[in-house]
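The next part holds the structures, each set out as structure tokens.
Two complexes follow with chain A in common, the first pairing it with chain B and the second with chain C.
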Partner chain A sequence: MRLDQHPILSFDRGKPITFTFDGKPVNANEGESIAAALHAAGYKTLSHSLKLGRPRGFFCAIGKCSSCMMQVNGIPNVKTCMVLAEEGMDVRTQHGWGELKNKPSSRTYPRREMPLLETDVAVVGAGPAGLSAAIYASKFGAKVLVFEENTKVGGQLIKQTHMFFGSRDHHAGVRGIDIGDKLISQLGDNVEIMTETPVVGYYAPGELAVIRDHRLHRVRAKKIIVATGASENMLALPNNDLPGVYGAGAVQTLMNVYGVLPGKRMLMVGAGNIGVIVAYQALQAGVDVAAVVEALPVIGAYQVHASKLRRCGVPILTRHTIQTTWGDGQVEGATIVRLDDNWRQIPGTEQDIACDTICLSVGLKPTVEIFFQAGCSMAKIPELGGDIPIRNEFMETSVEGLYVAGDASSIEEASSAMLEGRLAGLDAVEKLKGSSDELQELKNHVKESLDELRAGPFGEKIRQGEKKLQEEASRL
Partner chain B sequence: MSSYLNQGYLDIEDITVPTEERFAKGAVAVIECVQNIPCNPCTDACPRKAITIEGSINNIPNIDFDLCNGCGICVAQCPGLAIFLIDKTFGEETATIGMPYEFLPLPEKGEEVTLLDRAGNECGRGRVTNVRNTKAMDRTPVVFLEVDKDAAMRVRFFRRDSK
Partner chain C sequence: MTKSYDAIIIGGGIIGTATGYYLSKQGLTVLLLEKDYLTAGSTGRCITGIRQQFSTPATIKTAMRSVALFSRMEEELGRDVEWTNSGYIFLAHDEQKVETFKKTVALQKQFGLDVDYLSAEECKKIVPMLNIDGLLGGTWCPSDGQASPFFVVQAYAENMVKNGCEIIRGDEVTGITVKSGRVESVTTASGAVYGAPMIVNAAGPWAREVGRMAGVELEVEPERHEALITEGVAYMNIPMLVDYRKEGGYFVQRTTGQFIGCYTPEHQVKGRDTGSTLEFIAEMARRMCRLIPALEDVAILRQWSGSYSMTPDGSPIVDETSVAGFFCSVGMSGHGFMLGPALGESLAGYMVNKTWPFDMSEFAFGRSFGAKEDLA
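So, the complex of A and B:
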């Protein structure tokens, strides 16, 4: 189901196209991902699990979980949430591992013919952190290449219809969707952004492998800033793999990027800011939100976010959790249950909720594969989201010249992601092109702003995490 | 523990309410934002500088009800949708409440609607007196509802009949 109107967004739908799904024609619009177009046409099952053949739908919608893999034009294991639908495409449900028809021989890509891209600074990820890094590195003269896996630039900002918090200096009061455009307009001439270009590996120091136009490219960069963001956590519960159980970010992507309704009635799990904001955005799109359940005794979201949802009549049930979800081939409902003070389910308090969508908003985890591959010293810091690379105050990891910024360095928010990106960009360019008073002043200013942002009670967790991180760093 | 932490909405005791004397002078903004969060667009929004946040951006906003002239600019600028414009001088028995409303379709002037309180519970009927929606408000229209005077600090949302 496609939305024809939305209070915040206008969807300029692309040219109508038709592709086939298991031989059946599907109407879509240019610019829609295959997974979004299939969802709009009512197809939620995209694949089947390898061992038990259980139906699978998408979960993250940002290329991070692989549950949407299908066979497209004969090629198996295509992440259909990241590939745009095209006229005449042959899309098929994949059974098993998938098989390549024309197996490439080792001679298909001889190494000497692998195209080489050279730059001063390579940025991985064009979210608020990556874009800010690019702006500031280029401002002081570095040539910057930004690699972005998605078809669109802006990271998580492209689906955030709400006005942002923070201070005016960091675009507070501006809608997330408009912040991305503001950042893009600040990019210098010496920045090039390559979309649909995932970075797939870190090799020799200063070398990355990227895929562009179906070809492997080598990237050689003097400094590398990785701002790959985060992925959503799953929740262990019976039938959590049923199509219709989605991450909150995926629901946002469907509604706010593609204008496709995730379902008719939703249960939200998790009352942090993201859960509460996405529940509100679902109402705006016309989805009925049955309730928000939260295992903690308190609501984690800001009071103002919770209040705007409550006055619409949506209950937020603290000390409640989802016990199971059920349905024939896709979600038809969920059972929720109350928890006692020791987090045990209280028998007899089960309640069935009819819904076709279950939205999980139970935390994010930094996307850090590149740092592991590069051999960075890592630390497990729950306050910052889990495994993260140990870094210094200017975001440089233990591998010289390799930086981290944004959600990949700690799960926080866009304002801090932008500040961290600036810091990394400034430090990288300082080392490449030399320092100046202006640069030093900016660096100090950015650091102060970061500290100020984290000064309040909601910054407590981050401050603790940062402390632990510094302890880890001093042990290196 | 403050009750808003598990119920999600504020009780009237949590909110700084203008005096009846101030209410009698005309429209005034009421800010329902009581937590230390890193946010401050309201302070820039007010042309009369009636809203201030002392020191850290994490402090809560204060409003000087005597400086506020009820222009309503701040209502559409607050990312928390937490500011309401109350005018207890609207009628003999009635007041108006201006509230941010980011939903479609927008109600029509004169339309009767079901009133909702902070918890989303129904609390009577009211009438739409105005819908402000300028370009500067950037897609956060403000809907004004006429309600019984004694409901002015209770009603915070509404539901349209035709759905």
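So, the complex of A and C:
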């Protein structure tokens, strides 16, 4: 189902196109991912699991979970959330792995020189942290290349319709969707962004491998800033793989990027900021939100977001969790249950909720494979989201010249991601091009802003995590 | 007080666990010491192939015995180890290789191996996706196969323990005590001392260092080999293809769908470095697509590298050493996983009964390294 009206967003639908899904025609618009277009047409089952053949749907929407892998124009295992629909495409469901089609052996496959991209600073990921790093590194004269695997620039900002808090310096009062555009407009001439260009490896010293136009490229950079973001946590419960169970980010992508409804009635799991904000966005898009359940005894989200939701009549049930979900091939409902003070489910308090959408907002995990591969010293710090690279105050990891910024360094907010990006960008360019009073002043200012942002009761967890991280760093 | 065993094995790869299992089967109490985790050395880094096409009698017989053991492993050890007779084809792109292959096929047949020399067209019948440009022929052995090194080692290890033996992980052997020309005990990094009248060096790429702890010099030199694995596609029964050209390589489709493979580097990288290079994935991808062009549509998932423990003649050293009670099963030269089960069984038999199942002097300690394996 595509949205016609939305209180905040307007959707510029691209040219109508038609492709086929298992031989049946599907109407779509240019600019829609294959998975979003199928969802709009009512197809929720995209693949079938390898061992048990269980139906799998759309879960993460940003190429991290693999449950949307389909056969596209004969090519197996295509992540359909990452590829745009095209006129005449042949899209097929996979039962387990895709089939490989024979190819005539016409080519000779000669040895070719690998294309080389050289830059002062390479940035991995064009979200708030990566773009900020690029802006600040380029501001002081560095040549910057930004690699982004998605088709769109802006990372998770492109689906944040709510206004940000904080000071003006943190873009307070501006909607996330507009911050992305603002950042892009600040990029200097010496920044180039390459979309649909995933970074697939780190090769010491200072080399990355990227795939661009189906070819492996070598990137040689003097400094590398990795801002790969995070992936959504899954919750262990029966049938958690049914189509209709989504990560909160995927629901945002469907509704706010593509203007496609995830379903008619939703159960939200998790009352942190993301859970409560996405539940409200679902209401704005016209989805009925049955309830928000939260295992903790208190609501984690800012009061103002929670109140907005309650005013619309959505109950937020603390000390409740989802026990199971059911449905024939896709979600038809869920059972929720109360928890006692020791997190045990209280028998007899089960309650069935009819819904076709279950949205999981149970935390994020930093995307850190590249740091492991590069041999960075890592630390497991639950307050910051789990395994993260150990870094100094200017975001440099234990591998010289390799920086981290944003959710990949600690699960926080876009505001802190932007500040971390600025710090990393400034430190990198300072080491490459030398320091100046202006740069020093800016660096100190960003550092102070970051501390300010983490002050107060909502920064408590992050401050604890940062303290642990410093302890780990001092042990190196 | 020093805890004592009938035998101590140093190394928790295929060699150590197989030898340990076959010793335990004969009622010996065995302690296996692994400094890291099981399969952490070379075994877990291999590309899963199991072949019998070798060029010397003892290697052919050992490999054939291994295949027999792999074939009934699920039955004997109670775990599916993903063993499958998916076969091997050795490809000949020049006349010299044709000649070598015809000669080795004749030898292999003498031992009853089901191997044949095929024309290029016959090879294509077995692998319809094979690009046979420039191919003169190949040798096909349908009973060669593949298995999961992780499941095989796990199966041996758990059965060893079931038979009353012990495995200690995360403690490294740092010394071997020899008294009057006979082994007595090992010392570990944690300070523990374990005694046994028999000690087996199954330390793979660390074999030379472990040998020196007992004053035994072993001519084993580790060498880096890189490998990669692709994402999975529906199983098409593509056997291990061994391309002997200068820019060749070998790869197989795992029964779980992925293609796994490697090539012998042009310039040897000696030592235990297990780093990876960007050149390797680009070059290996090219070589794989040259043989199976359809692989252009398949994505590479991971790359890694492991150590081949090379001996000068490419055959392992499996024997009692110059120190009484100090045995070695080392220098697998890239064939440890495939030869491991039979070598484990043979060495265990020799340690207990002082007899080999057949003439294994090709693998003798202290032999002269004159001859060279043709199908290395």
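Points to keep in mind about this one:
Keep this in mind: the second predicted complex is superposed on the first by the 463 of 476 C-alpha atoms of A that agree within 3 Å, B and C clash if a C-alpha of one lies under 4 Å from a C-alpha of the other, contacts with A are read in each partner's own complex, and residues count from 1 in each chain.
One rule holds in what follows: a residue touches a chain if its C-beta (ideal position, glycine included) is under 8 Å from a C-beta of that chain, and two chains touch if they have at least 3 such contacts.
These figures come from a predicted structure and were not determined experimentally.
Once chain A of one complex is fitted onto chain A of the other, the partner contacts of A:284 are limited to chain B, with no touch recorded for chain C. Applying the stated contact rule after C-alpha superposition, one finds that A:173 touches chain B and leaves chain C untouched. Of the two partner chains placed around the shared chain by superposition, chain B is the only one that A:452 touches, whereas chain C remains out of contact. Comparing chain C and chain B on the residues of chain A they touch gives the larger count to B.
Applying the stated contact rule after C-alpha superposition, one finds that A:15 touches neither chain B nor chain C. By the touch criterion stated above, A:98 is placed in contact with chain C alone, chain B being left untouched.
Residue contacts after overlaying the shared chain place A:164 against chain B, while chain C stays out of touching range.
Look at A:475: by the touch rule set out above, it reaches neither chain B nor chain C.
Of the two partner chains placed by superposition, A:51 touches none, neither chain B nor chain C. Interface of chain A with chain B (complex): residues 5-8, 162-168, 172-173, 175, 271, 283-284, 297-299, 302-314, 316, 318, 415, 452-453, 455-459.
The touching residues of chain A, counted against chain C in their complex, run 50, 74-77, 96-109, 111, 114, 201, 203-204, 207, 209, 216, 218. The part of chain B that touches chain A in the complex is made up of residues 1, 4-10, 32-41, 44-45, 56-58, 77-82, 102-105, 116-121, 138-140, 156-157, 159. Looking at the complex, you find that chain C touches chain A at residues 128-129, 131-133, 231-236, 247, 257, 275-279, 281-283, 285-287, 289-290, 293-299, 303.
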